[in-house]
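Paired with chain B in one complex and with chain C in the other, chain A is shared by the two complexes that follow.
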Partner chain A sequence: MTLKLDKKDLKAFLETLMDEYDLFAPVQLAEGVSIYKKIDRPDDVDLSTSNPQKPAKEVFFPQSETMFRYEKAGKQQQMTSTEGVEKKRVILGARPCDIQAVSILDDVFLGKEYKDVYYGNKRNGTTLIGLACNHPLSTCFCPSAGGGPFLRKGSDIFLIDLGETFIVELLTEKGMTFQKNKFFKEANTKEISLAQEIEEKASKKADASVPIEGIDRRSDLMMESPFWDRMHEKCIGCGVCTFLCPTCHCFDIVDEALTNKGQRVRNWDSCLFPLYSQETSGHNPRPTGRERTRQRLMHKFNYFPKNFGRVACVGCGRCILYCPVNFDIRQAINLTSAKGIRKVKDQVDLTRR
Partner chain B sequence: MKNPYFPIPMKVKQAYVETVDRMLRTIELSFLNEEDERAFHFTPGQFCELSILGKGEASFGIASSPTENNSLKFTINKAGVVTTALHHIEEGTEVGVRGPLGNGYPIPLFEGKNVLVIGGGFAFTTLRSLITYFLHPQNRSKVNEITVIYGARMPGLLLYKAELLEWEKRSDIKLVVTVDWGDKDWKGKVGLVPNVLEEVAPSSENSYAVICGPPIMIKFTFPKLMALRFPNERIYTSLEKRMKCGIGKCGRCNIGHLYVCKDGPVFSYAELEKLPKDY
Partner chain C sequence: MEERSKAIQDRIREKARELLLNKTVDLIIGFGEGSFPLRTTPRFIRDPEKTDRLIWNSFCENNLATYLHKFNKFKVGIVVKGCDARSVIALSLEKRFKPDQLFLMGVPCQRMVDRRKVKRAVKGEILRAFEQGDQIVVEGEEFKTILKRDDFFYPSCQVCIHRNPIQADVLVGDPVEESPLIEIHPEIQEFAKKSAEERWKYFEKESSRCIRCYACREACPMCYCAECFVDSSNPKWIEKSLSPSDLEFYHIVRAYHQTGRCTGCGACERACPMEIRLTYLTQKLNRDVKELFNYETGIDTKTLPPLSTYDMEDKQDFIK
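Right after this comes the complex of A and B.
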């Protein structure tokens, strides 16, 4: 069902949302820097900056999250879980890549084995209001990863920015509950055809040529390949690609303690950090950047497909945009093709000579 | 939704040092809540995450057998923050426990077979669970011969000494205890586990082998098992890796696409052969 929302009504619409839900949307922190935050004032919502630096995963999987609090008295102890969530959530303005990434995290946290209650409580009942990506960046390659700047899949409601107004598409049952919303009006044919025009233009801009298709099979025999000697060379292990990746979900669990009370907290962690897999004995199964870079890429493109049937990359391009040493995941993927492997091998042979 | 990260409360019933170097201490935990106890079913080879609130969590194989009711036993090597706290913990103190986690030994596969158990050092904990399970009157008929080869560096470093003496007296288990170097009171075998295995030479016919120990022991014992014609599918081992969540989410314990915490820690050599050497 296609409706529209005039931008002058956006503030009032957000206010009605906030009555019922905890609203999360991009907020600009500084010029060109925006992240997803819980909205207190509708004016804070920023839908004009391109894809926020930090992905929407934060709404369900915060960078730092208390799991339970405890108190100790002598030999006794009392633990109180903090898993409860007060209100249902709405994410507004997530780009299709981040929405696709949420469904990947659903597989991890709410899959068939153990259910992650902290993620689940925040995620269940959430309404996802996606925002079409009118201007994909040069680093975007979502169509290569099975997505697209106008991919509706995963969104309950989908917005397309036409300048003065948003096209509003109600896509799911949850989305249809907004049908009677007083701010949503009928869209006219002119507006609908303008939306289609923008969609066509945007879809041409995002790179569909990165050879992700079949990478899970191609990478099967790559564990001991000289590819990794080359791949990790310039990586400084800062972990920014993993923190800003919308699908990366590794975490650490630590206790924060005062004398007799404290809390257990989980924090984002990164497979690129040396301490991540370091054992108490001193043994580290991934002792150098070679093994750690391999773990990051193989997890996304080989292990994850084995477990969940799809790659853990949505082509958002953040890891390319924000890498301090210009590591380009697209190049890495390109090099896994038969032609690429030969090239790397030649280069490594050359440097060893 | 059940919260898999929230520990159940248990209490230290008993704690005692096992070895002369005082690095290995066994703690026995009892359940505080009856419903937790009723819901706790485990297989030998599974592990738990033990919490010392304020220090953190660490994973330990369960050393007791499911046939020993009311309590759980863990033998702890003093190595880091949590293990040191567990070495200092007093009887009566409450701790948090998450588990049972992991897959455990494939008990149904062992039924009707001979079982060869090879252990070295403090990796003997879950093997003790396995042996105790099979020696229980209800379970002894499930398997044929039980052969145990257990080695430690010296007599004072052997775990569960009282039980070893009891097992030695039994006719339904063949126990060979060996040490790398003996002392003046030591009457048993002196020799490294791989060599003792060669000497004992248990038949691989209709047999499964379970081997746990330090990597160096496994490295040299494995060829001897091959020489005895144990096929890879019938050799099982239990792996250790750094873990946090224990349920396959936090990401660090994977070997290839498998997680040691939820797909392991017990793997056959046939399974390990297919995985990358990332451990």
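Right after this comes the complex of A and C.
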């Protein structure tokens, strides 16, 4: 049986969700600028825009997170844990790319070797309500990265926007617990076929031609390639692409301390910042944009696949859309293809300094 | 408008080729075709046969002067708008380059088009965009809309009074007529009317969106400290989290460090992925410097910025 949720019931549905869960969904901060945020009022939820600037990873891996607090009173030292989570969470309205990215982060933070308690406490028990992407943008390339605008994998519940109503697909055990939800009704055949139509159209639209397949092997011998000499030139070294990337997960741990008390905090960090690799001695093993840009791309397309069996890119296109200088990761990927490498050789060898 | 742009583009290509062929410069920094509509991208050319990759239109929004720090060992030919040229002068006064190291190809600027504003003017994704006379034509899957170019300038471009590059080595277009001095920056004026509380609220709201990616800092040609105060760990001036006080601290100090140095190009604002609007701070500082010291950044190639020097006659009535 295929279910549906009428948009006029959305608010009431969200209210019941919020009784039981902490609800996270896209919220507009300013015109055209949104992030995933904990919802206090259902009216704040905004499912009308495409992907929020900041990806859904922030729900489990906040940009800035207190790990514990400490205080010294006389000779007593007191530590307070901050790893607990009050309520189970629901993410509503994440696009398939962001959901696929969460599964990549699961590999990192909840892998065989290391389990990150801060990530795990938030992630375990979270229900992911995905939202199909009816209008992939021209900068999207999820099918090239093993995804798709209607990829259900990773979602517990999957919504398809039909205009006045959402088709609701319950995909996992967690999702099935919503089977009896009073706002979910049976969808009629017309609605089901409309959903299929939208799916077909969207799937055709998303770009499947970016040559990611095999890039981990192709990039094996590229470490000292002249490719990097020019690649980085226009990069100004800000953190937009890495911070807005749904899979980037580097962090830095600092103590924010006063004389007698303080807290240990972990903050997102970016391999494009010089400080990221700066050593205490003053030496920086990645002294210029050349090495830093190389790190960003090699981590995504070479080291990560070696460690986890897949690339750390889901093709969401945020890094392309928001880069202040239009550094386009698709062009970088293209240049690693056989044809691209010939082109780079032509361009670089003669003029190399 | 597009004919004028085309003529400028031809001149840029021609001049760039000549400079490279004669080895006057090692490389050219200009604009190239972007990877999606309404976008151009900084382009670096070393081969004289490839200068046809340089373009010119109303979407050349980046201030390329920010790259000069990276290439300070080379002779560089650079495409500059009015504001970019002022940045170069300001940087020269701060002794960032040797005098003969740069060749400025100055473009009398037609004011740049705000691509976010254009995007918001239509429903659906823009898949093609081009200029036609004084219009911008944007097309998507199911629409074709014609917009008036004049309605879509970047805020910083709207109020620009120095569109003609000062001290360019060559002008690659006919000078444009400068707008008369805009007596009071409309945004500042509007802001000044608000109560202190309202002003703080606005500032708080804008800075709260900051994600500390430092795109504003990196896009700004004048932000080139070897170690930015936010990155210093000894002494540590600021924490690295997203607490409101740290975000506010960063944005205030960034703005104040620009006093008498900012050209108002707006690169910081354009670079921001969260669309934080704080240029009113730097614009206000620019205005204060103009009023107190009669100094405008990047206009005079000899006089040092007022905060880099002192004079016995300097105003000091603000000291109480």
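Please note the rule applied: the second predicted complex is superposed on the first by the 345 of 353 C-alpha atoms of A that agree within 3 Å, B and C clash if a C-alpha of one lies under 4 Å from a C-alpha of the other, contacts with A are read in each partner's own complex, and residues count from 1 in each chain.
Here is the rule we use: a contact is a pair of C-beta atoms (placed from the backbone, for glycine too) under 8 Å apart; a residue touches a chain by one contact, two chains touch by 3 or more.
Quantities reported herein were computed from a predicted structural model and do not represent experimental measurements.
Superposition note: with chain A as the common reference, chain B and chain C can be accommodated side by side. In the overlay built on the shared chain, the residue A:Ser138 is in contact with chain C alone; chain B does not reach it.
By the touch criterion defined above, A:Val325 reaches chain C but does not reach chain B.
In the superposition on chain A, contact of A:Asn121 is made with chain B only, not with chain C.
By the document's definition of touching, of the two partners only chain B reaches A:Arg286; chain C does not. When the shared chain is aligned, no partner comes close enough to touch A:Met176: not chain B, not chain C.
Of the two partner chains placed by the overlay, chain B and chain C both lie in contact with A:Val254.
Think of it this way: put the two complexes on top of each other by chain A, and the tightest Cα contact between chain B and chain C is 7 Å.
Common to the chain B and chain C contact sets on chain A are residues 252, 254. Contacts from chain C toward chain A in the complex involve residues 26, 34-36, 39-44, 46-47, 62, 66-67, 70, 116, 119-120, 124-125, 127, 208-209, 211-215, 217-219, 231, 239-243, 270-271, 273-275. Those residues of chain B that touch chain A in the complex are listed here as 1-7, 9, 11, 51, 53-57, 79-80, 83, 90, 92-94, 96, 240-242, 244-245, 247-254, 256-257, 262, 276-279. Listed in rising order, the residues of chain A touching chain B in the complex are 67-68, 70, 72, 75-77, 79, 81, 83, 108-109, 113-118, 120-121, 223, 249-255, 257, 262, 264, 266, 269, 271, 276-281, 285-286, 291, 295, 298-299, 302-304, 306-307. Those residues of chain A lying in contact with chain C across their complex are 29-33, 53-54, 63-64, 135, 137-139, 230, 233-234, 236-240, 243-244, 252, 254, 256, 265, 267, 270, 273-275, 289, 320-322, 324-328, 330-331, 347, 350-351, 353.
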